[in-house]
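Accompanying notes for the structure given below.
Should a chain be cited, it is by its letter among A, B, C and D, assigned in written order, with residues numbered from 1 in that chain.
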Amino acid sequence: MKIGFYPGCSMKGGAREYQESVVALAKVFDIELVEIPDWNCCGATAAHNLNKELSLSLPARIMALAEKEGITDIVVPCAACYNRLSVTKHELAEDASLCSKVTGIIDLKYSGKTNILNIIQFIDKYITDKLEEKVVKPFNYNTACYYGCLLVRPHAILNFDRVEDPQSMDVLVKKSGGNAIDWAFKTECCGAGMSVSRTDTVARLSGDILKDASDRKAEVMVVACPMCHSNLDMRRPEINKYLDEKISMPVLYISQVLGLAVGLDAKTLGLNRHMTEVILPDKPVKNAEPAEVSKKVANPEKMEA
Amino acid sequence: MNELINKVTKLLNDKTIDAFIGYGQGSTDRVRAIFARTVEQASKLIYTPACTFNLSGYLLKHEVKHLGKLGILANVAALRSIMQLASEFQIKDGEVYILFVNDDASLTEFSDFQSIEAFLEKANIDITPDEKARIEKIEAMSVSERWEFWNKEFEKCIKCYACRAACPMCYCHRCTTDVNQPQWIPVASHERGNLDYHLMRAMHLAGRCINCGECANACPMDIPLNLLTYQLIDPIKTGFGATAGMKADAVYALSTFKPDDKENFII
Amino acid sequence: MSRIGVFVCHCGENISATVNCEKVAQISKELKGVEFSTDYKYMCSDPGQTMLKEAIKEHKLDGVVVAACSPRMHEPTFRKACSEAGLNPYLCEMSNIREHCSWVHPKDDLTTEKAEDLVRVMVEKVKKNKALNSIKVPVTKTALVIGGGVAGIQAALDIANCGHKVVMVEKQPSIGGHMSQLSETFPTLDCSQCILTPRMVEIAQHPNITLYTYAEVEKVDGFIGNFKITVRKKSKSLDEHLCTGCGLCTTKCPQKKIPNEFERGLGFRPAIYVPFPQAVPNKPVIDRENCTYYIKGKCKVCEIVCPTKAIRFDQEDELVEIEAGAIVLATGFDVLKSDFFPEYGYGKYKDVIDGLQFERLASASGPTMGEIRRPSDGQIPKKIVFVACAGSRDPAKGIEYCSKICCMYTAKHAMLYKHKVHDGTPYVFYMDIRAGGKMYEEFVRRAIVEDETQYIRGRVSTIYEKNGKLIVKGADTLMGAEPVEIEADMVVLATAGVANHGAEALAQTVHVSYDAYKFFAEAHPKLKPVETNTAGIFLAGACQAPKDIPESVAAASGAAVKVAALFSNDELTREPLIAVVNRQAPPVFSSCVGCFLCQSVCPYQAIEREEIKNRNGEVIKTLAKVNEGLCQGCGTCVALCRTKAIDIHGYSNQQVYTEVMALLND
Amino acid sequence: MQDFEPKIVAFVCNWCTYAGADLTGTSRTKYAANVKIIRFPCTGRIDFMILMKAFENGADGIIVSGCHPNDCHYSTGNFHARRRWIVFRNLMNFTGIDTERILFSWVSAAEGFKWADVVNNTVAKIREMGPYENYNKIAVSTLLKEEVSNHE
């Protein structure tokens, strides 16, 4: 089975370790990822603010190229790219005249039948079933799963996970032997696009996220978006200054977490590339059971039955 | 062939059935239906590659019905007819003894509707590539070309109603054609009445047609009227998830609905 | 040859201003079969109707066409007039030359020509009309009331007080519904139970009312005046006749830690229990899911302590058949499920509760004896946040409607809180304050002014727990959308009122329609608010949409009047515009071939199977047959029938065919 | 083609579109006089054959209209009607009947303005399309005329 891979710009730059870990993880499960030949920018952040046709044509071309290669599933690890491709697919499916216009612009055949998978959907579709049997080194840390905004919104189009309290990464962490903690900032804004222009804002927003996780005894944070990662990982000096406290909690990609659990080494997974040093002391395997907060709350639904 | 004759002979002898509908040699080299009520008649049963037409149309015919308990040699189309007729309460489970000739010439007998349903799930029920191509050819025409095409075809119709007689689903005692208060369908065979008749027939078979093609086979004027109902099979399947003649307790596609049935033309 | 009369109305100038009425009458006179035609200023007036009646008699008319306003307006008027003149009312038709002609077109020849066309169509139609007799069906003068909340109680008492029998079916072990859970009621702050319990007792004691609690409606057959209902009385594991309601068993039951439904999980109850002290009937039931005996096979403490030996462990569910002429649905509403608000931590944090739970905290008979103490540690919350519109008016959550009662009860909660915790601060996040109702706005004002409730106009984005506090993040849109963060001790969500769990299934059992939110649908939003589209079934209370107590009670009394009106005659009369399956002489019997494809099309299950038997009793043909009582005359079966074996009175194949012919061939 | 006044028949349900058209009148909203309404209890009652009859008796256009989904007075009649229209429209398309000449719409009892729009737009459209010559060729009146001339 040939599965398409769309890296987008970040996998080739600031988030090389994300691509490395995804590819390495796929390999463990005998999955070959084929980079879509001649791929182009997905148009995130800029195009959809400026020109609707352009913002749809860019992702449409990517999907059309995939179709040409006979690819039915594309893995899009970057949450922003995933969002653009999914939105484009949706808009073109809804509006036939727009679709014909866009296919005219890209001058390629586009059927809109390609599946767009984010990293979690990809793992769920091809890996989850076999995950537990392959876990050799349970990732037994208190883990805060941070989803950010682009992975789950808008729900009407993406139809992925619960918007306000997503659970999919938590499930994967648990299957990798980890303890996904219950916390409050799963989908709060990390500062995203202001990463470069307003570091003070990023420090505040990302700082609050890290602080809450840290207060709740998280040892590691897991993300699925290169932008979230750069804010939470790279802006640590500004964050520490804002919080007036040093938070040394490492931020890992979900692919790295699973990679570690199935026994891949740190180098292969690109852990050395992070700005915040990844220090994960070996721990004896236990308390794999997630500690649920306030388990005893009565269930009002049952009352009404 | 001997297996078939032996089987039917046995069925007649032990009074499992009173008559068996099968194929026999017709005049010239044609095959016809025969209704074997005696062992002697059963010996004339044949099964050759020419034996392809759907015999199930006879099941509800007044003259045949009164022969008593019936057995039938069914092909896939006939099995689907039987399923469809069952869903319309025209045939009850176990009422008809059903035999089927396999590819290796062995016989399968279907003891109940359930076994037919299971069999049909795996059977090829599609219209032929040739029929498909003809439909696509018509669909590729412009509206007025299609109008001209069918007008030319319907012009030939002599209103002999052979299509109606051949169709296993046309079992009504009084067809709308025969209603004269009001006179929905003009009696004479002119273009208008012919168009009315064929549209009416196609609509009445929409979602019920099991694509046996007997209507077109029966037509002495070679009107491809099977295409009218065939082209509705796919939209009904994709739109409503229904295929005729697959289940004995199926609900007719046009007498049910989904609140979110998709269309793009109602404003 | 027909003798048809055409009566063209000027409607003052409403028609004659653009249509030449004299000419329409004149041209109509020339139509084949028209015996008489005239025009008049106001056909619906007394002289107009008299003119019509006299013309019918004088010209021996066998059909009448009144060209005037919409038949939706005056068809009953003219049909009645015809009937009074001895002409079958169904031989009268109306041409709509006002709404569909004079009012929508300018004064010119085309408009008059259109009026002529419309008259011609009806003249041709009326020639095909048949004299019809209205349908009479007997009425069983017993009403079934489903649901024993305040709406059901009101409806049942009103009907019973009219002298009719009532059967009330309640799912829970006691009647009382949500109202019995409430502490005090707006806008008067009088105690809910104090005003409700006397009514509950009245239900139990009323000679005309039979009460089945712990019971559910399983099947409904039949039609208006003649419903046949099967009720499942769930086993209470108790002989109700022997039980005196002493309550000894409930105090001795060793199972004591079952979350109490009535307290919405804020307290506990034993396995054999009475839901609340004032329950009606005040007799316990055994909750078999949690009873030690049913789980482990031994215990039977209740049986041992019972002084009257009333416990019956082997008691089985009982099916009761009821015949009723009318049904009142009063099944009420439900509160949103907890997983609806992951962002608010509802169901996750103990101190995030819903409004109904707050009612229990505030209730003197509740788990805290009326003291406002938070569930997690029993502390008195000093800062409490009320979130209005929790779920309501939120398209993203799929609930676009306003739950209507929350603004008022949130104001009430804030007041009750302040009355009990004087040094506490109540906050209310709201979208709008909707306080339409007698004394309602004044009530909210009191909460704001006298009880110093901090109203913040804005929505809450998230609530999370931090250091024992609940952090409520929101925005104050009246202060320039400033983000607001409140460290609260407790949060109360005014969760949307939603259709009852199981409402959809019940609607399908009872055969009434429901809206996209699964609330039962009324027949007309304004003019038939308590009727359903199924004749003989009425709505009361919040099963139709969120309603407060006064509205529920008013609707219940409305429904009761409809039932009483239905029961005021021994027979009921219905318009005969229904479907019929044709019949012919043997051996054909009918052109129906019995394919029954029409059966699943019928929204009213009105198509039955009729078996034609020969002298030996053998079935020789099975035909469709339309049940006159059930058919509402939509005609969906008619258009489907391949053999045209089903036809419909008033819109028959002959009639509509003729109309098209007449319209297009002038 | 300037003097061409299209003949349009509207088949509507009693509870929604007929009432909606009443409201158009009550609101005194003007629309073209070419459309004439035939009232049915429900869209579910509208037989596809009646549409054929309209065309063959010289209608240039047809409007079919009823209650919006979920609003049917009889709760489900319009849902059944919609399925039939989907199928019949397919069949008409396939046989070359110009489906552009049949407008299907949902017009509620509250949508008086929508009804005026539906009528006006349909009249304008059919006026542009011209008489339905294809069908008229085989329509009743034409055939009758031919028969008459054959006799002469």
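We adopt the following convention: a contact is a pair of C-beta atoms (placed from the backbone, for glycine too) under 8 Å apart; a residue touches a chain by one contact, two chains touch by 3 or more.
Not measured: the values here are computed from a predicted model.
Enquirer: What chains touch chain B and also chain D?
Expert: C
Enquirer: Based on mean C-alpha positions, which chain is nearest the centroid of every protein C-alpha shown?
Expert: C
Enquirer: Hey, how far is the Cα centre of chain A from the one of chain C, in Å?
Expert: Measuring from centre to centre gives 47 Å for this pair.
Enquirer: Whole-Å distance, chain A centre to chain D centre, using C-alpha means?
Expert: So the centroids are 54 Å from each other.
Enquirer: For chain A and chain B, what's the span in angstrom between their mean Cα positions?
Expert: 56
Enquirer: Check each residue of chain A and list the ones that touch at least two other chains.
Expert: In chain A, no residue touches two or more other chains.
Enquirer: Where in chain B do residues touch two or more other chains at once?
Expert: Those would be 176, 184, 254-256.
Enquirer: Note the residues in chain D that touch 2 or more other chains, in rising order.
Expert: In chain D, residues 48, 53, 70, 76, 80, 84, 140 touch at least two other chains, as defined above.
Enquirer: Who touches whom among the chains?
Expert: Taking the chains two at a time, the touching pairs are A-C, B-C, B-D, C-D.
Enquirer: What residues on chain B touch chain C, complex-wise?
Expert: Residue positions touching the partner: 88-90, 171-176, 179, 181-182, 184, 204, 251-252, 254-256.
Enquirer: Which residues of chain D touch chain C in their complex?
Expert: Residues 5, 7, 9, 14, 18-19, 21-26, 28-31, 33, 36-42, 44-48, 50, 53-54, 57-59, 70, 73-77, 80-81, 84, 116, 140-141 of chain D touch chain C in their complex.
Enquirer: Within their complex, state which residues of chain C touch chain A.
Expert: Against chain A, chain C makes touches at 259-261, 264-266, 334-335, 337-338, 341-343, 347-350, 354, 357, 376, 396, 462, 464-466, 471, 501.
Enquirer: How about chain B: which of its residues touch chain D in the complex?
Expert: Interface residues on chain B, with respect to chain D: 138-139, 141, 143-151, 176, 184, 190-192, 195-196, 198-200, 202-203, 206-207, 228, 231-232, 235-236, 239-240, 253-259, 261, 263, 265-267.
Enquirer: Hey, which residues of chain C end up touching chain B in the complex?
Expert: 588, 591, 593-601, 622, 640, 642-645, 653-654, 657-658
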